[in-house]
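Down below are the structures I want you to see.
Below, chain A partners chain B and then partners chain C, in two separate complexes.
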Partner chain A sequence: MLRLPRFSYLRPGSVAEAAQVLSEYGSRARVVAGGTDLLPKMKRGQMEPEVVIGLGHINELRGIRATEDGGFEIGACVTLSEVVASPELRAAYPGYVHAAALVSTPALRNSGTIGGNLCVDTRCNYYDESYEWRKALGFCMKKDGNICRVAPASATCRAIASSDTAPAAISMGATVVLVGPNGQREVPVESLYQDDGQFYMTKAPDEILTSLRMPSPGHWKSSYVKVRNRGSIDFPLVGVAAAIQMKGSLVEACRIVITAVGPQPLDVSQAAGALVGKEIDDTLLEEVATEAAKPARPLDNADLSYVWRKRMTRRAIEQAIREAAEVG
Partner chain B sequence: MGNIGSREILRLSVNGRQHELLVKPYATLLEVLREDLRLTGTKHGCEAGECGACVVLVDGTPQLSCLVLPGQIEGSEVTTIEGVSNGSELHPVQQAFMDHGALQCGYCTPGMVLSSKALLDSNPSPTRDEINEALSGNLCRCTGYVSIIEAVEDAGRAMA
Partner chain C sequence: MTTVSLDENTDLRVIGKSLPKVDSVGKLIGLTAYADDIELPNTLYCKLLRSHHPHARILSIDSSAALAIEGVVAVITGEDLPIKYGIMPTSQDEHALEYEKVRFVGDPVAAVAAVDEETALAACRAILVEYEPLEAIESIEHGLLPPSDEPIHDYAGPGNIHRMGALEFGEVDEGFANSSFIREDVFFYEGNTHLPMEQHSATATFVGDQLTLWSSTQNPHYVHRALARVFEMPMGHIRVIAAPHGGGFGGKSDPFSHEMAVCKLAMITGRPVKCTLTREEVFYVHRGRHPVLMWVRTGVAKDGKILAMHFKTALDGGAYGSYGPASMLYTGALQTTTYNIPAYRFEGVRVFTNKAPCGPKRGHGTPQPRFALELHLDKIAEAIGLNPVELRRRNYVKPYTRTINHLRITSCGIEEVTDRVVEASGFLDRKKRLGHGMGFAVSAYMCGAGLPIYWNRLPHSECIIQVNRGGVTLYCGATDIGQGSDTVLATVAAEQLGLWPTDVRIVSGDTGLAPVDLGSYSSRVTFMAGNAALQAAKEMREIIVKAVAEKMECSPSEVMVGDGKIGELSFEEAVVLAEERFGMLSTRGSYSPPANIGGKFKAAGVGPSPAYSYSAAVVDLDADPYSGEIRLNKVWIAHDIGRSINALAVKGQVEGGVYMGLSEAMMEGQLYRHGLHKQPSMLDYKAFTFMEMPEVETFLVETIDLEGPYGAKEAGQGPLLPVIPAVVSAVHDALGVWVDEVPITSDKIMRAMDAKVKGREGRYGPKIFPNISYPTIVKVPPFDASSSAF
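Moving on, here comes the complex of A and B:
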C-alpha cells in the first residue's frame, strides 16, 4: 500500500502569510493546492517535504475576474473544473479551456487547480516509478541519483513538460503573477519554464504562483490537440496549442506552441510565418507542420515509441491549426 | 508547530454526521474514512489518482479520496457509499446497478455509483456522451461499461 511519508500540514490564511511560511521552511516545505500532482509524487518518494503548506484556505487565490483590458485574471486555486464550466472563458479562450478539459479525469479536475497544472512536475517513465523500483535499478539525477537513465550522455534531465494548459496559455500571450519574499512580479508564462527536466521552472522555490492573467483574446481563435494513450486520464505524449487570426479566408497571424516533446513547452510560431497572407491548404500546412515540429525531441521516456511521437507532432500541429481556424 | 507530523484535531462531517477526530496530518481522506471511521465501502485502488475506486463526494462533487488531505476539506460535507441509501431503501442508482447486473467483482462500484449520483443530481437526463465523460475516471476491469451506462440512464429516468 502506498502511504504518504510524515509531514505537517499548515493552513496560511493569506498569500503574504503563505509566502512568509514558505521562505521560513525553504526546501523543507512544499505548497499544495489540489494535491493531485504532489501527493502521488510524495507516495512514490519523489518529493519529501517535512511541511506541506495548503493554499486552498486562501480566498484571494480563488475566483475568475474580468480585467479592464478585456482579459481575465484566474486565481491559482481555481479548479480545472471551474475553468471548464465557465462560459466566459470558453468563449474567449477555447483552446485553453479545451486543454483544461483534457487534463486527466473529472474527479481529478474537481481538485486539480490551474496553478497546479502550470507547475505540474515534468514526467519520465523512469522517474515516475516507485521508490523501491528506482532503488533497485539505480536512481536518476532528478531524484537521489546523478545521471539521466534515459539519455546517459545528457548533462541535464530530459523529463517531459506535461502541462496541457501551459502551451495554451503561452499561445494567448498570458502572464503569471509570482509572489515571493521580495514582493511580487509578473512574467510571461513562456519564460516560466527552461530546458531542464529537473529544474524545469524559472520560478524561485520560495515564490508562489498566485494567478494567471489572460490578455483580451482580441481576434485570436484558438485550439488544443492532445495525443495520449487513453482518451482520458493520461498525460500528453504530444500537445499542440494553436492560435490564429484570419482575415476572410486568409491567415493574418498564427502562433503554435508544442509540449511533451522535451523538458519545456516550445513556441514554434516562427514556422507559421509561411501561412501569413495565404489560404490554408494541405500542402502548405504540411510544410509548416514539418518545420514547426523540428525542435521536438521525444525520447524513450514516455508511452509509445518516440519515433511515432515525433511523427504525431507534425500531425497534431496540422490538426491544431485547422481546428483553430474553424472555431467561432 | 509541534513535532513533524504530530496528530491534530480534525472536524469532518461524513454522511451527515459530525466527527471530531485526532488524525495524522499525512493520512489521506481515504485512510481516515476506512481506518479511523471504519467506513470501508470506499476502496483503495491505484492510490495515485488514476482509477476512481476511492471516489467520494465532497460537497456533492466527486473527488479522489486517495489524493485529498483531510485538512484541505475541513468544514466540507463528505458523502461515501454508506451514505447514499435511505436506510434499507437503495438509492435509484444502486437499484439500477442491481437491476442491470452492472457489476461483477464490485470493487469499482462504490466509485461508479457516487460519480453517477453526482452526474444525475446536476443533470437528470444525461446523454451517453455525458455519462461516458462523467465516468471516464472510474475504471472497471471486469464487466465492461455497457451495463453500467445503461444503469445510469435508467436511474436518471427513475429519479426524474
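Moving on, here comes the complex of A and C:
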C-alpha cells in the first residue's frame, strides 16, 4: 500500500498553543483534524509537511452551541456525522446538514470534521494521483511543476473547489472564526476563498479555523443539491446551495451558491433577483438558472465531460431552488 | 431466488442446498491469511521501480545510489533475469524487469529488497535510469498504422499488429445474397479492469535448493511453469502456493514481475522477500478487458432467421501478449453458441499499444462481441418489426447440436432462461413511457476451456481423497479465488461419502502438495475439478461400503450412506474398518474434456468446452432525457447452471456477475491520457459500490448436464454477459437513442439526445470501422460428423 512519509506529530493542549506552534514551524507544518483529506494527500506526496499538528483532541474545538441571536456556533473539530445527527441543526439549516450528509461515506464522515471540510483541498484529475504518476505525466503548478496541465494558458491553477458544506454555509450568511499569531478575527465564509486553485484560501497559513458561526435561520429555508457519478462516495461535480424566504407563494429573497465549477464557491444570488416578488414557475426558474449558471467554468479535469457538468449546473440550480421553496 | 430443476432425481443430501461456503467463517472472523497477511521471520520487502515513459529505450540503469542507502539489501535489474516468459507459448514477450526498453507507464525496470517498504521505495527513487523516448502508440487506429520509429515488439507484426485471424464457416456470400434484410453496425467497448479488493502480493523463500512462492495467483500451475523457465530450475525444486484470494476475476492469471522479483531476491539474499502492490500498481499490472472496436453485418430471411453473419473485431492489446492471441479469437468464437448461424465469417486483429497489457477478465473476450451482437439483433428486430425476444427465439440453438464453427452444444436452457426473465419482468407487456425502458439480452459461456494454454496431455484436473480417523482430506490443484471452488469440491465429496461439506478438508492451489489442476480461469473448476473429485469420492465410497457390507454380510447396494453413517456404522468406524481391511485409504480422480467437442482447424482451440451455460437478463431503468442520468430499477437474471452444487454460492456468483456487468456497462473505463493511465485510483476509476446496485431477482434453471458433476455447469462468468447489452437496450427503449459504446455514461446519452433533438441520428458511438488488411480468409470445411454423435 501507499505509505505515509515520515513526519513529527504534535499534540498541543489548546488552540492558543496550537496557533503558537503552527506559527513557529510556518510552512513546514500543517494542522490535521480528521485527516481524511490531509493523510491521503501526504501519501501521494501532494502535501509534505514535516510537522503535523493535531487538533481533533482539543475540547474547545468540539462543541455545538446555540448562540444568543438564535444561531449556532459549531466547533471546527465537530465531525460531519455529529452535524448530521443534530436535530437542532437539521431543523435550522437543512441545506447545510444535507450537504454534510452527502460528503463521501459514513466512515469518512465519522472522522472528517466541518473545519477540515471548509479547508479541504481543491481537486483536479491532473493532480490527485501519486507522486510517481504525476512525475510520469509531468508535474503541474499546484505541486512540483510550473504550468497548468488542463489549461496551459492559464496563469493560475484551476483546480476545483470541492467542499460540499462551504456553499451551504455561505448561503446562510455564515462566518468563521480564525485564530492566528496576532489573535482572532471573524470573516464571512464567502471571503475565505479566492479564484486560484493553488492558493484557494485567503486565510493565512498560520491561522486556525476554530468555529463556524451560523446566524439565526430566521425565515430562510435552505437546500443543497449535489451532482456526482456515484451517490455513495464521490466528490461533487456540481454543488448548489439555495436559501429562500417566501411570503405565501411569492419569493421574498433567494440566495444561490454554486461550487465545483471553478476554484472557489460562487455566490450567484444576483441572478435570483428575477424571482423576487414572483411565484416560482418553470419558465422563470429556467431563466434564473441559466443566468445563475453563467459563471460556471467547468474544465476537463474531473469526471464526465465539462459540457455535461455545465448543463447540470443549470439543472441543479433549478432543483435546489425548488427544494428550498418546497415546490414540486 | 427461484430454482427450476428439470431433474427428477432429487435424492441428494447436500448437493444443491444453500449452505455457507466452507471457508466463510475464517474470512468472517479475519483469520484467513491472504497473501499479504503472510509474515515470515526476517522478511525483506520489495518494491519495483516502474517506467515513467510509455515507450522508450533504456540507455542505462545505475543502481549504485540505491545500494548505498542503509537498509537496502539487494537491487536487481532485468539483466539478472534475462529469460523471457509469457502465459501463452506464442507470446513469450515479457522480461520480469525490462532492460532493453519499456513499453508502458508502469513497466517494471528494477526491484529492491530492503528492511522495510519505505526504504525500498526510497531506493527505487534513487535508481537512475536513462531513457530515450520513442513514439507512444495510444489507440487501435494508431496501432494499425506503420510505426514512425520502431514497433513496440520485434516479433509478430507487421508494425504493431500482434495477431490476426480470418475464418469462414459455411457459405457467407451466398447467405447474404439470399437475405431479405441486411444490417451493418459499428460498436466500441471500452477497456476496463478487474478491480479486485485484494491487491496482488507475493512472498518467496529459498531454502536449500527449494524455492517456495506464496502468491495471490489464480493459476499456480502456470506460474510454476514460468518460474522453472526463468530460473532454469527443475520443477521439482519449485513450489507455488496460491494464498486465499480477495478476488481475481482474471487479473491474477498471468505470471507477474513481482513474483519473479521476490523469487530472485530471495535467492540472492537468502531471506524471505515479500512484495505487495499498491492499488495504483494493480491498475498497471492490469491484464483486464480489451478495448474492442467491432463491425457486424447480418443477413436475415423474412421471418427473421439469420442466414449469414460477418463479424470483424480490432482489439487494443496494450503492451504485451498475455492471453491476447486467445482473447482475439474469443471475440469471434461464441456468437454461434446462442444463435444458429448457418454461415459465419470472422476477422480479428489485436494491436500492441503503449498501455498496461490487456488480458482475460470475467467473460474473457466475449462480453465485447456479446454486447455488439445483442444490440445489433435488437436493431434488426426493430427494423423488421419483430419483438426482440421473438427474433431471438427464432434463431436459438437447440440442445445437442453442433454449431457452424464446430462447437458441440449439449444441455442448453436458453429457452427456459428466456421464459423466466420475460415472464417475471413483464418485458413484453411493458407500457411505453418516455424516460422508462426495459432491455433484454441472452448469452452463453464455457464451462472450462477445452484445451490447456500450452500443449500437453495431462489431465486438466486431478484429485486425491485420503480418508482415515483424522477425517477426509481432498487434494486438488484448483484455486479458490473467492468463487467457492473449495466449497464445490467439498460438497461433491461430502455427497458421496454421506457427510457434510465442512467435514471435508481441502488442500488446494498448491503445486507441491496437490495434483495438477490448470487453474481458476475459463469457468473450468466446477466442471473439471468437480468431475475429478466425483470420481475419487465415488471410488472411496465403494471401498468403504465394501468393507461395511462384508461385515454386515449384505450386498454393497444394501448399505445406506448418509447423515454421517455408512450402514450401521458411524463414518469414523466404517473408515477404521475399511483401513484395517484394505490398508491406507486413498483414491484418485482425473478429468480431461472429451476430444470431439471442437474442430480440427487452426484456431479451433478457442471456443470448445465440454458444456455451455446460458443466461438471460432483463434490465428496467429510468433515463433522464435532459441529463442522461440513469436510475436502475431492477434486474431479472436467469441462469442455466446445469445443477447448483450449492445454490447460495451460485446465486452469489450470478449476482456478482450482474453487479460487475452493470458497473462495466455504466461506469468503468481503463482510460489513458497523454500516454498514461488517466485515473489509477479507486476513487477516480469509477465502479459501482453496493449503493449503486438495484434490486436483482435471480432464477436458477437446472438442465442437468450429462457430463457435468451431478449435472453442474458454471456460474462464475456467464451471468455477466447479457447484463451489459440489456442496459444499453433499456436506455434505447426509454429515450429512443442508441449509445453503441460502453460505458454508457450520462454525457454520452446526453450527446445522443442532443443529436436527436437537432434532427440528426439519435446515436452516440463509433462511426466507422477502420480498413484493416486482415489475412486471407481460411474457409473451414464442415464438421466431420462421423467423429461425433452430433
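Rule of thumb we're sticking to: the second predicted complex is superposed on the first by the 326 of 328 C-alpha atoms of A that agree within 3 Å, B and C clash if a C-alpha of one lies under 4 Å from a C-alpha of the other, contacts with A are read in each partner's own complex, and residues count from 1 in each chain.
Simple rule for what comes next: a contact is a pair of C-beta atoms (placed from the backbone, for glycine too) under 8 Å apart; a residue touches a chain by one contact, two chains touch by 3 or more.
This is a predicted model, so every value here is computed, not measured.
Student: Which partner does A:A91 contact after superposing on A: first (chain B), second (chain C), both, neither?
Tutor: A:A91: touches no partner chain.
Student: According to the stated criteria, A:G35 is in contact with first (chain B), second (chain C), both, or neither; which is it?
Tutor: In the superposition, A:G35 touches chain B alone.
Student: After lining up the shared chain so the two structures overlap, which partner does A:N125 touch, if you call chain B first and chain C second: first, second, both or neither?
Tutor: The answer is second: A:N125 touches chain C but not chain B.
Student: In the overlaid three-chain picture, which partner chain does A:L137 touch, first (chain B) or second (chain C), both, or neither?
Tutor: Only chain C; A:L137 stays clear of chain B.
Student: Let me test your reading of the model: by the given contact rule, A:N110 touches which partner, first (chain B), second (chain C), both or neither?
Tutor: first
Student: With the two structures laid over each other on chain A, which partner does A:M1 touch: chain B (first), chain C (second), both, or neither?
Tutor: A:M1: touches chain B and chain C.
Student: For A:G231 in the superposed arrangement: first (chain B), second (chain C), both or neither?
Tutor: It touches chain B and chain C both.
Student: Taking the superposition as given, does A:S305 touch the first partner, chain B, the second, chain C, both, or neither?
Tutor: In the superposed model, A:S305 contacts chain C only, not chain B.
Student: Which positions of chain A sit in both the chain B and the chain C interface?
Tutor: Common to the two interfaces on chain A: residues 1-3, 5-6, 231-233.
Student: Provide the residue numbers of chain A that touch chain B in the complex, in ascending order.
Tutor: Where chain A meets chain B, its residues are 1-11, 32, 34-36, 39-40, 43-44, 50-52, 54, 56, 81, 104-108, 110-111, 231-233.
Student: Across the complex, what residues on chain A touch chain C?
Tutor: 1-3, 5-6, 125, 128-130, 132-133, 135-138, 229-234, 303-305, 307-308, 311-312, 315
Student: Contact residues on chain C for chain A in the complex?
Tutor: Result: residues 50-53, 105, 117-118, 121, 199, 276, 278-280, 626-628, 667, 674-681, 683-684, 686, 688-692, 745-747, 750 of chain C touch chain A.
Student: Touching residues of chain B toward chain A in the complex: what are they?
Tutor: Within the complex, chain B contacts chain A at residues 1-2, 4-6, 8, 24-28, 31, 44, 47-50, 52, 55, 58, 61-64, 66-69, 71-72, 115, 133-134, 136-138.
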